[in-house]
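So the structure is just underneath, and the comments pick up after that.
Should a chain be cited, it is by its letter among A, B, C and D, assigned in written order, with residues numbered from 1 in that chain.
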């Protein structure tokens, strides 16, 4: 498996650390109800198909990446930096 | 038809012409008292115990492919009851007891073999953590023995005690741990359920769940609509998709776990052995293949196949721990799709829909749970109450913070 | 007053096997230059004094004695010179954090191909390339300093493992040399 | 038998080898199989279940029968394919899976018991009495099962792994692969041509034919020479591509040293990770056997294999050969044999309309229905209409047609497509992105088809790479492929489908009869396809038999999935580099040698090595040393290397704000020059790590983490920064490796520190200041992990060793010295300080009694989730100290004295213990239900595993100097 880091280029999967779904980017604000935190921390769409998830180029540039990916075919259709991402 | 050694001999003498099908191939009826979605190990055992323990036999198991085609047919077959946390301890303890009577109960040889499981540890801190776990196992009524380095050497003389990267300090021996023949477990439960009247319906995919006013009414399938008073979702690996049909969003992320088997070899590994400093566990099947595995590939996936970095990690772990296996050749690798929950423990619970029940989130420990999962899910579906050994497997425990996190790795689905 | 003797991780070890030489290299000061948001212009002024600029991703510029190596988003290592006073960037001394290994000679690429998951073909990795990646299980910064020459930066505490693994790869290649390929 | 003038072996280079203790001679270029056949050795193994005599079936890696153990100087290698293993001087091997000799295998009795050993018999018996399973039945089954054996000794061989990158990977070097490689190579693309065998050519080495008007061998030599000369083409011989993985990654196994005597540092094998955006699968096709009664005797071989042995190795496996084949193409075997002067007794062709042109008896519309010969074939029975013909023959060449070698195209779950005309599965197009199957692997069975499709695929790939080229395709044989599918022949006796696992047509039918009708059920119930050949010889025929038994078509029945590896790969090859210390990098402290000089046992702490204790003469146990070191710190001064702690340099105007977000407590208010203890939560509200952070300047902090969590914390910081506050004025970088840091602790610590500072400092507790030591800039922190007045002194790493030696020498003059991990642990337990033994991932700030450290004035990571009802409260276990006069243990559980001991009565557990020389008692830290309100109670500590049952006192976890007067002294 290979991922194209927007900075480092195409690299082997072994350089990356996987965290989870992009949900982790939508941190509830202060004072949000606990149900929002349950959503944030635990509940997932978990699609069999295209998803967006978070990878960390741990052995490379140490950037967190938002990857658009198909969980069935493993096709990767987009990678962007988490820092400075388009909301 | 009852199986026995005598039956094998008499059938053999007459050309094996008299063997009957292990299960029927019925067409789905229009209505059942209960429908189980998923014909894997857990679904089949749920149906079996619904019939056997609760006398509910007007039951259908709906399987989109073939029986036992999910994780029960693609795992490393380890059976153990070595948990630390209350909630898990009693459940797996109950499961192990069921395993110990399974052949007699099912009249099917699932080759459950209590060859002993040894978890190796490689530091003083790990020793203490394993001792803490071993004491919990004994407190639960199960067995555990703390081995020092020499004790491990007696059992596993082939380990690399001299050069391995993380020296072997000792191991926690769980004598009643072991392995079983995975397919046979599915088939044994299937045959047992079928003999009690359960309809096992293969190639029947559920496409929708019918709910009216918050009450389940039945399911839509590729073979037509089926009405049911109670519906159980038992589809680990696909839980999120099926639960979504009932409007639910689950605390589950699907991950691929690879496993490996070598060519057949004469007996060389007697126990189930696991490494404490890398992800590697191994046993030898009765056919002679070394069956081993490691950790998840770590990215969400529904493709039942993995990638090389984890393959290599597993092999490297094997080489540092027991380099005598180096010349065994890997014959086949495969991947299974795991329901990973945020604390590594499963869910057996009611849902917000009346009559709809959920059994999911087995992470990668589902095989050994097959008997107790079915037992408890059947109890829940039959009585509406959680079984006493599955009471903590609540769906809302993540929201409330009553976690069952054995590894202590936190609410990241792939870390358990 | 104690006399503090400086010691590098490998004490300047050098070894040649066939055409390939592996050696610990002394590169002088290493300073991380990490730009603050909006700090690029200010930092550029300071670097200009050295005749350097923040390098683009996966490259290094300058020559031995004063090099600047890309190491991440808005981040570079200034190597070989004491850092100038820079505004707009966080400067952090990294001199002692790294051991630099030089690997050179025909076959250096083959040695690295045993350990590094990178496309090292010259077209993909020309001289002047700096890649953050792995040397087997260690994080590393790999600089292509010549067609047959690399500098490999690893964490200082892992220098012995790095040496051992590169050396093992050299040994195996040397043993293969008699093998028809 | 060797035939003069035939074969590509080097007859000038004879090679001696041994098989089952007998010496034989072969030639360089022989495989073990060809050399044994040349020596008329037909019996080479025993089958898996029935222990039937078995001979060589094929000439490739798909061989199911001829598996041997190769005996090396230090170890043995099981299940080596004799058809792949090249002979070399001194090669020593033996047959396997036998009890007694190969000829008189005692387990051959199983063959007579076969009616009782049908598919799945073991699921139906061995259940009574229960205790007999592990005791009797299973051990017997295990001993009988398996094939070759491992020695149980460490594999000391050398193995290698490597990466390779190219534009076009060509898999297989038959006509299709050569044409593809030539086309892509001439176009200037970087090409890797991987060939499983030891020579280029594939079927061109076995078939006498013409290409482009020249003998195929000459064309091959010409193309091979050009490819070798092209700098952009890399030829990898003895390299089997074993797996197709995501995004153009392929696994491949190279046999580097297996065909020659062992040599130091020469790898036995190399496992390649090849990355190629484009790949050509030119792996050819595998001939398939026919399941007729007793089709498994030595001497019954694949027709193409017989041809390969003749043309490539100059060997014929018999004196009177017969051919049973259902294609025109297979007739070439008979013609080649006759041309070489070998007697062909008959050709049996099941097709009623088959031609009959050969100069030997040809039985059209006939089938083989039986065979004779105990240890080797001596004759066959042929049924032609109602007539049975007996034919004497010692070699039967069979062919049931061909299966494209499409395995790699299935590695990403692609399902092959059934082609009715070929009566075979062909690859699904695009099943592996970037991989294109050509030639026979894609069902183009003629040489012409191979050349044309190989060329076309490579041309398209070159174009995709922006390259153009014109390469003419030479003319070649283009005969149509005609066959009548024949899977099984009815008759008396068992007909084998899977030779390796002893699966017969009866087994497959029985599976169907018993309801195991899905192809996966049949496979699993009969074990068909699970033997070393992975079903290469049997899958399609077994499927066809199942389809017939269940009244379905083959396409409808479906196939089982081919999974990696294509051909078995040793664990050692894929795990190359992992042996011994190679499994993970080793991290060494600058004080490492100094500690070893003092005979300190070095123990692993994560990847680091740290001194356990520093033994003195006369100390018999580690405890004596540890007690001494503890007393030394409490009474004088001790020195410890703490460089392993993670250190993160954080700068910027928003650095304080950033720390406030990361830690539960506040750092933006910390004065410059001061240090504060911080607690860091995971977002789920549980404690992630703890440590101190120092404010070095207005916009400059230094965070420390625990050794264990250093990487985790760095990743966490990167996430929080990049995900939530990338626009803040803050940057950070690890400086763990840049600084060597030493703890100096004890009542004389200040004196020691000031003895070498150029300018002595008077630091307050939790202060930090820059210092100069011997001309070097360093940092001095007044922090303590021991409870004594403590300092940590940091210098650039290169000075670490010198400073450590100096500090230790000075300490010794003051009655102090170095202390190791054991003493460090005792000191921190005495003081109630935490490590990851306590912070084990299920612990909240509330559990630790640190809920007041969670600032109410600001948000921080983990704050919200920690308020969930299950995360705090008296039903949870809380940190307590335990004190006892008898030995206690970490890992024990806690109970109320007098109550029964079981799960329901469990009150908690112990995480750390020590003998405290300071307190004069055994001390422990642990977690007890509602523990803080139970201080002063007595609790029963039970450790079944270590046989301990001790009454302890529940106490405050800070045993030593609870008011902290020594720290602040």
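For this structure, a couple of remarks:
We adopt the following convention: a contact is a pair of C-beta atoms (placed from the backbone, for glycine too) under 8 Å apart; a residue touches a chain by one contact, two chains touch by 3 or more.
Composition by chain, UniProt nomenclature: A = Sarcosine oxidase subunit delta; B = Sarcosine oxidase subunit beta; C = Sarcosine oxidase subunit gamma; D = Sarcosine oxidase subunit alpha family protein.
Everything quoted here is computed from the prediction, not taken from an experiment.
Taking each chain's centre as the mean of its C-alpha atoms, the one that lies farthest from the centre of subunit B is C.
No other two chains have as many C-beta pairs in contact as B-D. For the pair subunit A and subunit D, the distance between mean C-alpha positions equals 26 Å. Chain centres here are Cα averages; for subunit B and subunit D they lie 22 Å apart.
Touching two or more other chains at once are residues 1, 12-14, 17, 19, 34, 41, 58, 62-63, 73-74, 81, 83 of subunit A.
Taken residue by residue, subunit B touches two or more other chains at 303, 307, 342, 399, 411, whereas all remaining positions touch fewer.
Within subunit D, the positions touching two or more other chains are listed as 161, 245-246, 249, 273, 275, 412, 577, 581-582, 584, 586, 683-684, 726, 865, 868. The list of touching chain pairs reads A-B, A-C, A-D, B-D, C-D.
The touching residues of subunit D, when paired with subunit A in their complex, are 245-249, 273, 275, 412, 433, 683-684, 714-715, 718-719, 721-724, 726, 859, 864-865, 867-868.
On the side of subunit D, the complex with subunit C involves touching residues 158, 160-165, 190, 235-236, 256-257, 263-267, 273, 275, 577, 581-582, 584-590, 607-608, 649, 651-653, 726-740, 756, 758, 773-776, 795-803, 806.
Against subunit A, the residues of subunit C that register as touching in their complex are 57-58, 71-73, 117-118, 131-134, 139. Chain contact summary for the complex, subunit B toward subunit D: residues 3-5, 7-9, 12-13, 15-16, 19-25, 65-69, 73, 86, 89-90, 103-104, 107-115, 122-123, 125, 127-136, 138-141, 144-146, 157-158, 160, 163-167, 181, 183-184, 187-188, 202, 262-268, 277-278, 284, 286-288, 303-305, 307-308, 311-312, 314-320, 323-334, 342, 397, 399-403, 405, 407-411. Residue ranges of subunit A in contact with subunit D, taken from their complex: 1-2, 12-13, 17, 19, 24-25, 27-28, 30, 32, 34, 37, 40-41, 54, 56, 58, 62-64, 73-76, 81-84.
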